[in-house]
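Next up is a structure, given as structure tokens.
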Amino acid sequence: MEPFLELEGISKAYPGVQALSDVSLSVAPGEVIGLIGENGAGKSTLMKILGGVTEASAGAIRIDGESRKALKVEEATAAGIAFVHQELNLFDNLDAAANVFIGREPRTPFLKLIDRKRLNAAVQPLMDRLGLDFAPDTSVAELSIAQRQLLEIIKALSLDARVVIMDEPTSSLTMSETRRLLSVVDELKRNGVAIIFISHRLNEVQECADRVVVLRDGRISGRLDGGEITHERMIRLMIGRDLKSLYTPPAAPAGEAMLELAGFRTAAFPESAVDLALRRGEILGLAGLIGAGRTELARALFGIDRPLGGTIRLGGRNVSVKSPDEAIALGIYLIPEDRKQSGLILDDTITANISLANIRAFASSGLVSTALEEKNAAAQCRALRIKAPGVSTIVGSLSGGNQQKVVLGKWLSMKPRILIFDEPTRGIDVGSKNEIYALMRGLADNGVGVLMISSDMEEVVGVSDRMAVMHEGTIAGILTRDRFSEEAVMQLAVGHSGGDGSHTTH
Amino acid sequence: MLKKDLGLLILLIVVAGIVAFLNPRFISPINLSNTANLVGLFGLISIGQGFVIITSGIDLSVGSMLALLGVIFIDLLTTYQMNWALAVIVIVLAGTGLGCIHGFLITKLKMQPFIVTLCGLLLYRGIARWYTDDATAGFAFGQSFPSLEWLTTGRVHGVPLTFVVFVLIAIVMGVVLHRSVFGRHLFAVGRNEEAARYSGIKSERVIAATYIILGALSGLSSIYFAMYTRSISPASHGTFYELYAIAAAVLGGCSLRGGEGSVFGIVLGTMLLQVLQNLVNLLGIPSSLNFAVMGAVILIGVLADQQLVKYRNQRAAARARGALATGDKAQAAE
Amino acid sequence: MKRIALMGAAVALALSSVAGHAADKKTLVFVANGASDFWKAAEAGVKKANSELPNYVMQFKYPSQSSAAIQERLMDDLVAAGVSGIMVSAVDPKTETDALAKIAKQTLLLTTDSDAAKSGRVAYIGSSNVAAGKQVGEILKKALPKGGKCMAFVGLPGADNAKERIQGIKDVIKGTKIDIVDVRADDIDMARAKRNVEDTLTAHPEVNCMLGIYSYNIPQIYQALKEAGQLGKITVTGFDDDPITLGGIKEGTVAGTVVQQPFLWGYEGMKDMAKILGGDKSFIPKDGLIIIPTKVVDKSSVDEYAKELAKMQGKG
């Protein structure tokens, strides 16, 4: 069939980052396209351009032969492009039918109230089509994740969607729910609806996709058709880039285990336990896909959330961490993933942020000495090469890299034993990235245990001394440096056993 | 700190200047003394309210608390013949206790401050009226407590002791807010509770502490008010006073979003509000316009302050950009 | 829904006590305009009337807030519970006229304290505020033979009772050298009442007399003057019988006060209602106003009055 939607030479540049370059993609009715790539390969940027949320820097979008430079959100909807998002966009406080027709509810002739009868009548046939067995007036709050996802698909169908873009639709579904979703994909396909299926679960992609498009570093690294779609080929296309050498070896071999987790469980994956040891003087990379439970692990270690079970041993002694201040007292510090929300007080000064966790050190009999505080902040600014007019600069006005250095400065003045970095260089320019890597190495060489959570393959392979790969709440495997390869990480991250670089195929 | 309060100080001086020009008696010692006395009375609850507002909370129960604690205080002195010093301690502790309850409900049981203290507003007013059987609580004619009266309504060289006590407490609270570890934690929690928590600050304790401080100050203030009016009609005593306190704090630069405010600003805010009340009487403005004058000046004050901050931020941002640009150049040259 | 049902249940429970009595005896209710000491004497009067007429149930009710809406609601509930007569001190007679008319159609209605003539009430029992004001005017004339400048202090200057009282004073002092400079209002906030006095001392040093229109105004004047060392230098007079007011009269620092007799309102009102229910309306004057005179209390009569008051309030 003829494609009705074509992307031609789409490029998108953000300040300092080329998110997409020269991406072309065509969609024909009734086909299922698997779109895969690592975290940050450019999938979500591409989808945002399709949905009209952002505008491409170059290239064209052709719909039914009509070419245009960019879409608005309404135009995308009118063209029949619909999304089923990873984070569901449903209103918990409304019922199913109301969610489907939100913003375009049928009205009664008088008073223009919502016409419930017509609303339910419009939704019911769509629900029947997908085999949903709950009533249209069921509250969304009562629905399971899988049911919500199907409801999103109904919403897409009610908009006469010609292409439904599913972003990680099965990430939180059980096996049987996944099967159900895949059969819905099949049903849509038979009715001539095209699907763009974005997933890290290569099994599912292999099962349902007619063809696969692989993105890497914002470019299309390959296309696979029908029988070409195999695990090996998909993984090879997803990685397989030259790694710049980031690695600086440690000054001394890693010492004894400083931090040991045994049977450690968090609320994200109550059934899975983590066993992990972090040694003195090493940088331990913690790789895995987004949602594998790494951030939850870090939060629990730092006392933000209570772990469900398991033990923490620090320096050979059992410890309990019930709150961040207990973690801090033990010398376990966290540089959180969301710098702006959790790491910093954006409308406060550099000084205030750096001394925030340690204010008592600058106080005598309860009164803070501003001079001491500023002296320390200035010292950290110099040591970390923070670019700012002065220590009383408001942190919110700094660049991402300098903001992250302020977060680091906060902990470095407090003699860390264990430092957990959660996505340490997200949204940070290359220059600052390298500085932060050098700082991490320096800390490790000074005997600090560094645990680095990273979704950036280049980073986690290039910086770590050892790597643990997480999959669905547990450690899928530990890799030593001689066995590092992106392929090995990917295999473990998508849930294949055996972290030695060999893998089994289904 | 002073920079931010400068605008309010200017507004206060301008208003005072105009009033003094129109009626020179405004700056007569006796009038300044009377005004200072009321600044002392209202200032205590305003500072407490300011602390709560810095955590982005609010306490609506202050006025009712003044009525309840006030009638109990008078009852302790008259009916139970309690030693006045003991009664003062009991009342301040009772206020602290109520603050503890508010803090507990808000931080441990996660209730919204508005709701908790709105219920307090109704509850304490109701209990005060029930306790006195809706009668006015007051001292008998000629009943006298010389030491207590000296401490609460006495004046030394024309300076009311209430004002002296208020200034002392304001200095202490100013040091606590702007210089102490607790104050820094308070601002951190008000600006970004999550980041504060990620820095090991026990945000719940900090928030609860502000309600407890306000409770204690309300207890002290209830004694002052009781001794000022010397009789308390539980149905009307202190109504709206929580709003005066909120108004003073907001005028003084506290943002209801939290994380902003200074004790000096709150003191100035309280002074401005009392000068407004004073000028209505001194300039012979009809009493009915009292609230209108207050509303208009608060509106103008807060609006002007916001515009000033916006302007200052723009200039600071421009300066920061300039500094970074030259810094980059310098680095490029290396 | 649940909450409304719950509230309904609470109201029903509260009214069942009234309705229960109504089954065998007729119920008469005195509805005050808000809670204050003033009504304690009226309550005592109601009790005394009831002891003389045990065949009636006589009750004294306060609205939970001094608001017209809440008072109307209370009266509606009482009517629904089947009371035979209501005597009410309306919070705001002007705006409540319609609501009072509705009550008057359903049961016997008397007004007290302040009248609502067009409501269809059978009679008004109470003081004449104008007459009381005139008595205060007479006290002034006696205390200030050479004339003077007076400042009046009041809670709500727009309220009828305040306006009538001030009118009465003005009627008497017209043509003399006594003059009311201004009226300062405090919205029934005692701290503001005291502040108004303090500010008057500053703003108007020529003022040599102060009038307390509401019951708490004289005590607040007294306190402010005492602290300013002006007691005895400024003539103080006004209305009602707060203990501080009576103490000041005894001490000689308050010239005198004019008191209403709420005890008699309650006492006479209840007895009159019983009479009307018994079919006798002949004692009601044509204009429907049964005036219970106000009394002047000055230094010579204050001791006797204080004793009487204590007895009426059950404190004696």
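A, B and C label the chains in the order they appear, each numbered from 1.
Everything below uses one rule, namely that a contact is a pair of C-beta atoms (placed from the backbone, for glycine too) under 8 Å apart; a residue touches a chain by one contact, two chains touch by 3 or more.
No experiment lies behind these values; they were computed from the predicted model shown.
> Which one chain sits nearest the middle, judging by mean Cα positions?
Smallest offset from the overall C-alpha mean is found for B.
> Going by C-alpha centroids, which chain is farthest from chain B? Tell me that one.
A
> Between chain A and chain B, what distance separates the C-alpha centroids? Give it in angstrom.
46
> Roughly how many whole angstrom separate the Cα centroids of chain B and chain C?
35
> So what's the Cα centroid distance for chain A and chain C, whole Å?
73
> Residue numbers in chain C touching 2 or more other chains?
none
> List the residues on chain A that touch chain B in their complex, please.
302, 304, 323-325, 327-329, 334, 336, 341-348, 352, 355-357, 359-360, 363, 366-368, 387-389, 393-394, 397, 410
> What residues of chain B sit close enough to touch chain A in their complex?
Checking each residue of chain B against chain A gives 175, 179-185, 187-188, 191-192, 194-202, 259, 316-317, 319-320, 323-324, 327-328.
> Which chain B residues qualify as touching chain C in the complex?
Chain B residues touching chain C: 23, 25-26, 28, 30-31, 34, 38, 41, 129, 134-136, 138, 140-142, 153, 225, 228-237, 239-240, 277-278, 281-282, 284, 287-288, 290.
> If you look only at chain C, which of its residues touch chain B in the complex?
Within the complex, chain C touches chain B at residues 34-37, 40, 62, 65-66, 157-158, 182-196, 198-203, 205, 216, 219-220, 223, 227-228, 242-244, 246-248, 250-251.
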